[in-house]
């Protein structure tokens, strides 16, 4: 774990039409670490990730990724630059088969000739192997969530944006996901920006916490520095 | 028994999604269903509320068979549903969402000449407060965050005031605190309603599962028992809870 | 603020059309033809209200409104033609005589009476709409499927109306009427009266639609547009609601058609061909879907432009109209009615920005 | 090469016994005919020549009848039926001798039509030749003419004709003509025989030969009751049998017609299906892209014939195919860039905007090209493939069928076997997520539109083979193609194909039962009923993805 | 209503006329050329000093092939623009749509296209052919020895009033000439019909034993597919000629005529007419189109409706001169028995109704889209708005009988 940030978000603000959601949000994601953003419903966590990904324009502030200002890059360039996104609500391409959905993960792969690392993926999510030919949209909620994560992993990203990745996933697999994240972070220097509500899971993987309220970061610190009780207090605000 | 299910089965393109030999629910019972992803939990609720047609089997609700009835007919007999993926009226405000849901006569003429009453307003307000929707009351529902939509959908079901509530993953996307709040709400509702809840959050399940928990695996009922029984069943641990989770429990 | 604006708009509208235009005519500034032309636009606007209800609010793209419109027109046309025939002492309308028809077909009989004609003009479209709606909504046809099916229906009806065997005048349709209820159609006063009646009906229809859309019924319609299944799970009988609004829309179209006929003097199947039925939807789309004012203004404006441009720029009006469509779509978010909103939004956005930077 | 010449000579020889000679008057009339002092004189001259039936004048009369009489240095000549590749013709002198003209070096003389002076003989005059036309047509170079001659001859029953007929038949090489000829022969002889057995044998022969007129002939014979009741009944029964067989063949013909109509629909709907079903854009201007394709074909033709000076070749059409794809595609691409791009979030608006665009395109075409233009059908695609005597499949339709099969294949491979296809399908279903996955959605959308519009253009090009080119031709097809796309199930390639063919077949079948108008109504009603059972088209999505 | 007189505009230096031809929509194909012809006539007359010393000012509008709009535009022209006469319409339905407008507002419409008859309005000057000026001579010709002596007739048309009425009259005529019922087939296709496979195979069967011909009232864009299919299935003008009543040079202009060669058409005028007046007219028209930069330029051709649209303007001008006024009633009276040297030779208005007496010609299509004139009526053929075949008891006389009356 080094201390150089892969991603720095400086004072960005973003809005849906008239309603401003992010008001000067800043954060840094360290290389090879898992940074978690927590906060109550509707404070703007998802909006933050969307803005980082470029789905929502940042009206002010800047986003720097690997020393490069990517504030106004279109999403596909960000994806090709190595940012993968697991959105809230899965966003599986419904009428494509599970396999084709995985293939789409390759679009952003730095190596154009790359193949899906099928073995690893199927080991982590065995169900995807059985359902390779099924339409993605027909999977159960949890299965879709697994597919969404798998798809992001296929692109071999350097930064992974996860929006409540364990939502709807059965406990055993959720745990495994936690494990694999830690493993990837350690082995491949993957950096992760995680949005999570469930303290148990967050605690299991997080290196650095941010707490968000009404579009701003109100508190941050390493996992060790913030005691469990304090975390809970903040979420209850 | 309020709800009786026998030999219910459905398959999609040859794959059995559900194959339930028996399931029954008492009046005013709160039942939790757990099971691995793709076990057929949502499918089961889909069949009860008329969204999916079963291949065969029988379901009686209040002594009447509801299989083959349309969604509206089923809703009219008193079954309300919250979906796994939030389903609200995105173009209407939260208030209108709640108003439409509220229990009343729902035919054309009543709607045309509908006038709101203080009692109804009171009721809506009450529910909105309970589900912390008051500050977004006049926002279009489509503009809500994921968690807020979950709240709204629960509110819709509550206002509908059905005999049987089918609640699919209410705690998904909620923080621990909010999850607990939801649990409390469900427990309170269960005094006057029958409820089936699906959830993967074991803390939440523990909180609300005062009665039976049903475990579905690959469309079949693996077991039914109290939360403690289920939690310690090796089969459940193997295919659902996982080793690490068990470790967590001892922590 | 918003309602105030609305009321101002209504007053302006009524002042302009109910007072200014007739006054213009009476003082000789405007020809009776101008009055009559606007009277016809009002009929379109009435039909457009129906389209807005069914499409704008409920989200059902019905392409058979033109057909209902024609049913209304044909009914009145049959009445006027029979009256004229009887007055001329003939047994059969001219075209039937040419087609060597001996006796008046049975379905023409009731149209001897004005009262019956009006009733049938409403009843037949309503019945049609009811049956079509029942069949289509029950089998859960929606979206484009609905649009194309209703378009196919209109096409089929068009083909049938074009036939001479149907005894409705074939391609030529019904034309050449001289009086309505004993008043000569060519008299200016009658034209003015028809104009005023159309205006009154338009206002009434608007008011009714306004009430409908602002009732809980209207909200259910919008809910159906948003998520039909959710509406079912909330125990509303979606089919009933759709059917009701479909019938209302058909009635509005028919009423428009009924008033349209005496002011135009001809009805042909051309009124319900593919182009005509798409155009009707276009009025609403251009005016602003899901906005009653938009429907009215869209219908009035598009038809006004159509009339004006075909006279002023006979060679290039298609360009003008085409570009207008494209530009409206590209730059005004919600059609003509959105024009104000768009500008206001732009304005407030800049204000927001400046206030932020300070 | 010299068959025509030989035939004419043959004709003269064979006919010799038939007619009296009158050479002297013939040359006078011929001269009068070529340089008439007055129209009435020419008219009379032709009349006289026809009446005289002088074999030596037959080539001349034949040229008149074919409107192929020319003057070369005051000499009457005629041309070969087909030009050489440079558009030049061989020439034959006509009267008194009938020879191939050669140039000084002994090679056949080849000249362009412009080098000859056309002799215009009014139809009224030409029609005077009607009575003897069959006789000299019997020896025409053109099999169609001979066929016609045979069938005309069967009405004249004299023995001299019979002999000529036999002689001509002995040399007949064209199967069609041979069949008609035999029929004429049998028909004539049928009325000459007097025993039931032989009559029956002839009836059998006629039936076996089964030329176009066989049933009519047999019925006529049956009705005439010529020999006896038995043969009459026998003939009638045979006629019924033939008609039955014909009906069966007709069924095949209808099937083919349905197939061809269906393939046209498929071709048009393919592009629509891509743009609409896949990109979610209700493209009201789709028909206009077809129109653009058709006009491109027209322009290609003009460029080839006028600018490049390559007349009379089929080449232009085969160039026009890719051109129309490219031109329509590029315009579609431009449209996407300028307008559609801003409307992906608003499918309703795209309907409006494309409607506006279609108005603009129609008017532009009208200003540029006026109102009516048509494309020459390439020689190669004219005519048809004769599968069996009564079943001819026109080449142009076969070509369209082949083209649409090709395009379906292309579309299928493109969509389901390439990376681009995957991108297209993904962008269509979820634009934002696709972007997040690294797909350049704008580029993909442009390409999608390019291909969709290009396919429309190609369809337009193909349509020129059967229809004409007018500014609002697109409107004729747009509803039909939407019907196809929708009954097939939006965005379903297989559905589009199946429903296109289905609608084609049903239209044709219903047309053979009802009149065309009611056939169409029937189809529409049928589709409406069909949608009752398949409210989401032939191949609806199953399961959760089908939800709204 | 107010009189459609032009006294208000007569005081100024111009006199307005309306041009009511569709410039867009399905009918533009045919009608645009008529607008051009009217425009040319107006230019010519204006160049020669106008009518009654006034320049003609054409008011051109586009009724867009929309029948309701025809009525609206007619009202606009008569009531708002106060034009002295209107030149326009092509389809029967458009004429029927404006008819009441003209009658109620005392307007005058010059209608240049051949039509089905059975109409005789006081407000319309019919310069096109009546059935007896086109249909009957054509049928007569085909049945004659010279014409080929055809005995079986396939009446094929687009499904609207003109073909239906035309075929009704034709059928009555053929039956009266002793053609058996079973030798006459009547069939209609919808507008814009493109697929003639089925019909042609029926024709083929019908024509199998010879002496059959087609009388075609197929309209507009259906013609090309029809003729193409006809040729594709091995039929030709030799086996079964098609006599068309709605195909003229303008339609053939840029059609692929290959398949049409040898087939026939009946009209009152062909561009190939040899008269010097016509040669000048044709040249002038080409020059006019080229000068105005109209699509087609000097490749443009004239045809029957163009000729009568053009003639109509002159007839009106001549009548106005004769009447010394633009007032509708006076012009109308001046029109009776008026003669004029049209491009088609001298023609003459009927003395008692509003139709034009003119020659009938039958032509054979040539590869260049022109017609070989193969038959010509002896002299002018008098118009019969009511065909004696279908309405033997009716006739039209505006001088003695106030329009249509019952013959004793």
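Letters are used for the chains, namely A, B, C, D and E, taken in the order the chains are written, and counting of residues starts over at 1 for each.
What we mean here is this: a residue touches a chain if its C-beta (ideal position, glycine included) is under 8 Å from a C-beta of that chain, and two chains touch if they have at least 3 such contacts.
The shown structure was predicted, so the numbers you read here are calculated from the model rather than taken from an experiment.
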Chains touching both chain B and chain E, listed by label
C, D
Per-chain Cα centroid nearest the overall protein Cα centroid belongs to chain C
From the C-alpha centres, identify the chain that is farthest from chain B.
E
A student comparing B-C to C-D should find more C-beta pairs in contact for C-D
Inter-centroid spacing, chain D versus chain C (mean Cα positions, whole Å)
45
If you average the CA atoms of chain A and of chain B, how many Å lie between those two points?
28
Suppose each chain is reduced to the average of its Cα coordinates; what separation in Å results between chain C and chain E?
36
Where in chain D do residues touch at least two different other chains?
362-363, 367, 517, 520, 542-543
Numbers and ranges of chain A residues touching at least 2 other chains:
138
List, in ascending order, every residue of chain E touching at least 2 other chains.
24, 159, 190
Counting only contacts in the complex, chain C reaches chain B at residues 212, 215-217, 219-220, 222-223, 225-227, 229-238, 240-241, 244
For chain D, which residues are in contact with chain C within the complex?
282, 284, 339, 342-343, 348-353, 355-360, 362-364, 367, 475, 478-479, 482-483, 486, 490, 517, 520-521, 524-525, 527-528, 531-533, 535-537, 547-548
Complex contacts: residues of chain D adjacent to chain B
542-543
In the complex formed with chain A, which residues of chain B make contact?
12, 35-39, 42-43, 84-85, 136, 143-148, 150-151, 169, 172-178, 200-203, 239-245, 248
Residues of chain C that touch chain E when the two form their complex:
31-34, 36-37, 40, 98, 100, 159, 162-164, 170-173, 175-178, 185-186, 188, 264-266, 268, 270-271, 306-307, 310-311, 314-315, 317-318
